[in-house]
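Right, I'll just put the structure down here and ask away after.
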Amino acid sequence: MKQGWFTICENARLARDTFRMVLEGDCSAVGGSGQFVQVSVPGLYLRRPFSVSDRDGDRLVLVYKCVGQGTAALVAMQPGEKLDLVTGLGQGFHVSAAGKRSLLVGGSVGTAPLLLLARELQAAGKAFDVALGFGDIGLAFYVNEFKALGAQVKVATQDGSLGREGLVTDAIRALDGTYDYYYCCGSKPMMRAVCAALPFDGECSMEERMGCGTGICYGCSIPTRSGMRRVCADGPVFRKEELLWEKI
Amino acid sequence: MKQGWFTICENARLARDTFRMVLEGDCSAVGGSGQFVQVSVPGLYLRRPFSVSDRDGDRLVLVYKCVGQGTAALVAMQPGEKLDLVTGLGQGFHVSAAGKRSLLVGGSVGTAPLLLLARELQAAGKAFDVALGFGDIGLAFYVNEFKALGAQVKVATQDGSLGREGLVTDAIRALDGTYDYYYCCGSKPMMRAVCAALPFDGECSMEERMGCGTGICYGCSIPTRSGMRRVCADGPVFRKEELLWEKI
Amino acid sequence: MGKDLSVRLCGVKLRNPVIPASGTFGFGLEAADWFDLDLLGGISLKGTTLEARPGNPTPRIAECAGGMLNSVGLQNPGVDALVREKVPALRKRFSGAIVANISGFSEEEYAAACAAADRCADIDLIELNVSCPNVRHGGMAFGTDPKCAAAVTRAVKEATRKPVLVKLSPNVTDIVAIAQACEDAGADGLVLINTLLGMRIDIKTRRPVLANTTGGYSGPGVFPVAVRMVWQVARACRIPVVGCGGVRSAEDVIEMMMAGATAVEVGSENLRDPQACPRIVAQLPEVMDRLGIENLKDIIGIV
Amino acid sequence: MGKDLSVRLCGVKLRNPVIPASGTFGFGLEAADWFDLDLLGGISLKGTTLEARPGNPTPRIAECAGGMLNSVGLQNPGVDALVREKVPALRKRFSGAIVANISGFSEEEYAAACAAADRCADIDLIELNVSCPNVRHGGMAFGTDPKCAAAVTRAVKEATRKPVLVKLSPNVTDIVAIAQACEDAGADGLVLINTLLGMRIDIKTRRPVLANTTGGYSGPGVFPVAVRMVWQVARACRIPVVGCGGVRSAEDVIEMMMAGATAVEVGSENLRDPQACPRIVAQLPEVMDRLGIENLKDIIGIV
């Protein structure tokens, strides 16, 4: 965990209401995929959590969707401006858990952290394919990035404007392969559906509204098989068998 | 009264803890000497009032002393940055009240609005001299500006490091001339002393901590001969005979 | 565009729910220099007492993180000047609802001031500020005790036929008990909230910033307390509630209305931004469109 | 440099007056990963009850202009786990004052939890959180009624020989009456303030932001209320007062102490800035120099 100032290098639209921000600064604490940073947005009190979507040396990439006050303020920021970040938060994806061939399942902006995960899997010599779900073609992003990594990529959109019409579970069905582990990030209903649909082991990156992001306020706790756990410090990534979907 | 954004053109040290800021924007409401502007300082709730010290077309000059949070934040601002101002506030100095030869009496940063007044008197063809009081030579400013307008200028400092040792009343005594009206701006004790010392008519620019600056909150009221008056809207400049020094 | 923003408050039609709050908008006329007052739903005038009062010594204003403190102390020219000069002058420039905000230090004083206001045809609503200390009852504010609040409401209702809004103090353990006591005593509506009692110290001089030591805290920092109290009271009472406290934007107005407010007062924001009220009124239609709100009346207490 | 920042609180020497507030610093050990805990005067642990509690449903956190709302709802592993695991583990990394923050829903529950804490040698002070609803007394918080607050203080004082600080709720009409009742019942000190009750509404979904509807408001926006209450209570009571509420900087610590606080708790700011407490401690000597303060003890209640 480290607090520091980062300079905005890029901040451009990636899809509808979705933006990609490249930040440069001390990335020594940033950690692996599934971990996140807490961004202090000028004028707001609480920091806002964002997964690290990609990383290159002392640069990190966030992909964020404009949904409220804080993200709207981020959209308005210009390259050259600085942001106060706390980096290196949370327990990320377990690359070592991957088996023969893994399935990466992303829903909407939950696709963001899967890119860094894909790079890590590739670096570790582990095979994977990707299933993505978006509202419509205008919201889709990263499809080509995953393809460029050699993965089979299937997409489902709710209106059929890209890939299959349907949910991400339909994209999973469209994939041609046998999988023994999955990594999932998206909305709660989406992840619940994925956990219910896939018979093999996997893990999910959970989302809760956060206070501290560092594990001290207990604002983000969810019920798990091993009791109440903090999404920020005990997660955000939890193994499927830990999650009590019926109580979340 | 007008609200608008001004761009900082200059923001440089003028004397110890004292800064001169040149702002460019819509000056159509700015008005005459003794009137003031309310500056919204980023991060603070209430605006801060500052007299207009000088004016040239669509540029206005503020001279401010760093005394707290708001003024410290102003010191840190850079040319090119923008400030939200409400301009054209208050009742300023009455140039038409000047007689044969007027006395301008400034104490510390209270000297600021007297420069614009001096220009107005000159433009109106009215003669004047200037008496200034400062803590020490390091805090003094505008001495040469007044001299450049052809006025006799006398200064007193508390430690004698510039001009006479003493208070502004000592500077007044050092002036060589006969006066029939005075304009005064400074701290309350200083203005009280000046009003007591000078037997002829005059006016003072009063200072109170302000809420609105526009006359709607009654936060800045002082007792006067015609009842409670708002410094921001009924002043800041009040005629000597209005002021109830024994109650202020 | 051309959206109907009107609401009804105690039988008085407001062309929109936005009312500058008492003490933050003078006697109304001041702002006529910088915007058309008829953009407002109503105007709550500066707190007025039976006799003229000079108010507290200065400094009366302090800054704090979430807003400001004030200890103006009810400086006002007395109810006769209000009724004879201030209100008629305002009526010439403003056709909306004029709210007379009345304070006092005994029931009789409240009643007498309201009786005077009652005789003024241009006053549409009376707003009782019960945050003042009750000199006879040990100096605790009228609004901090259900019995005192009810007694003053009753006394005033006998003195006027105009609708009476009771403006409650938030510095209490049980706001609902006080609201219900006022409702039972005949109040036609409630306004929540007045200022929170606060204090700041100048650490350089080691003295309180305000000459009066403590003062009323207002501004954005009191908004969550105001929303909570509006919600609690609107659920517990049948009479309409006017929301007040920390409102800065059309979004805040809508949040207050969703909590249960029929109209919304804007206070300190007028000090920071002299165009606050017309700006908020102008934003309302667009924000309503964005949120799918057809008519403001539909969202009152919807949460 | 090398300035003595120490203060004494109920006979316990603190190396400086800065204490992270309960609920905003976990069980202390979490932050040991990012700074040396021995920089702190004391640590107030997360609110603990006799039995383990899962807390409220999420979302438990909301943003507001002056800070935040929380409805964590006392999620905790119970006092036995506190005494057996949390405190001994913390003691290995921290030599300063450990404050156990105890909550309950009946006098007996408070007393039993405090009796358990009493048996733990590593706990230096007990902090009673009396903001919890009294299930037997109609659900009003213990801390909103002088009699209830006194009764729970008395019950706890019988259950422990450790110094007991009573942490008061600000959601009351008369904070001084409650403080005095606790003092008379044997409290060794007082902590002011807990959170203000607040609420936010998500105007898009038309639902409260918090799953629990209302929540505790904390952060810079409560500072003026906290300073006022500390000042009122410190003047009225002889026992020491710990200031809490909205503190963000060394200047705020000094303002609280000038208002009458012997030590100062820092809450929400730990959430925003994980280095908040060490930063404030580090700033203190410089700010003291600037203000001509030789010894912090000299400024307690100086205003």
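To keep things simple, chains are lettered A, B, C and D as they appear, and every chain counts its residues starting from 1.
The definition used in the following text is that contacts are C-beta pairs under 8 Å (C-beta built on N, C-alpha and C of every residue); 3 or more make two chains touch, one makes a residue touch a chain.
Quick caveat, the model's predicted, so the values are computed rather than measured.
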Touching chain C and also chain D, the following chains: none
Steps needed, at fewest, to go from chain A to chain C via touching chains: 2
Relative to chain C, chain with the most remote C-alpha centre: A
Rounded Å distance, chain B centre to chain D centre (Cα mean): 47
Chain centre separation (chain B, chain C; CA means) in Å: 36
Centroid distance [mean C-alpha coordinates] between chain B and chain A, Å: 58
Where chain D touches two or more other chains, by residue: 64-67, 220
Chain contact graph, described as a line, ring, star, complete graph or other shape: line
Touching pairs among all chains present in the structure: A-D, B-C, C-D
Residue ranges of chain B touching chain C (in the complex, touch as defined): 1, 3, 40, 44-47, 69, 86, 208-212, 214-223, 227-228, 233
Residue ranges of chain D in contact with chain A within the complex: 23-26, 30-31, 33-34, 46, 54-55, 58-68, 70, 72, 75, 219-220, 268, 270-275
Chain C-facing residues of chain D, complex: 64-67, 69, 140, 144-145, 171-174, 196-201, 203-204, 206-208, 214, 217, 220-225, 227-228, 231, 246, 248, 251, 254-255, 258-259, 291, 299, 302-303
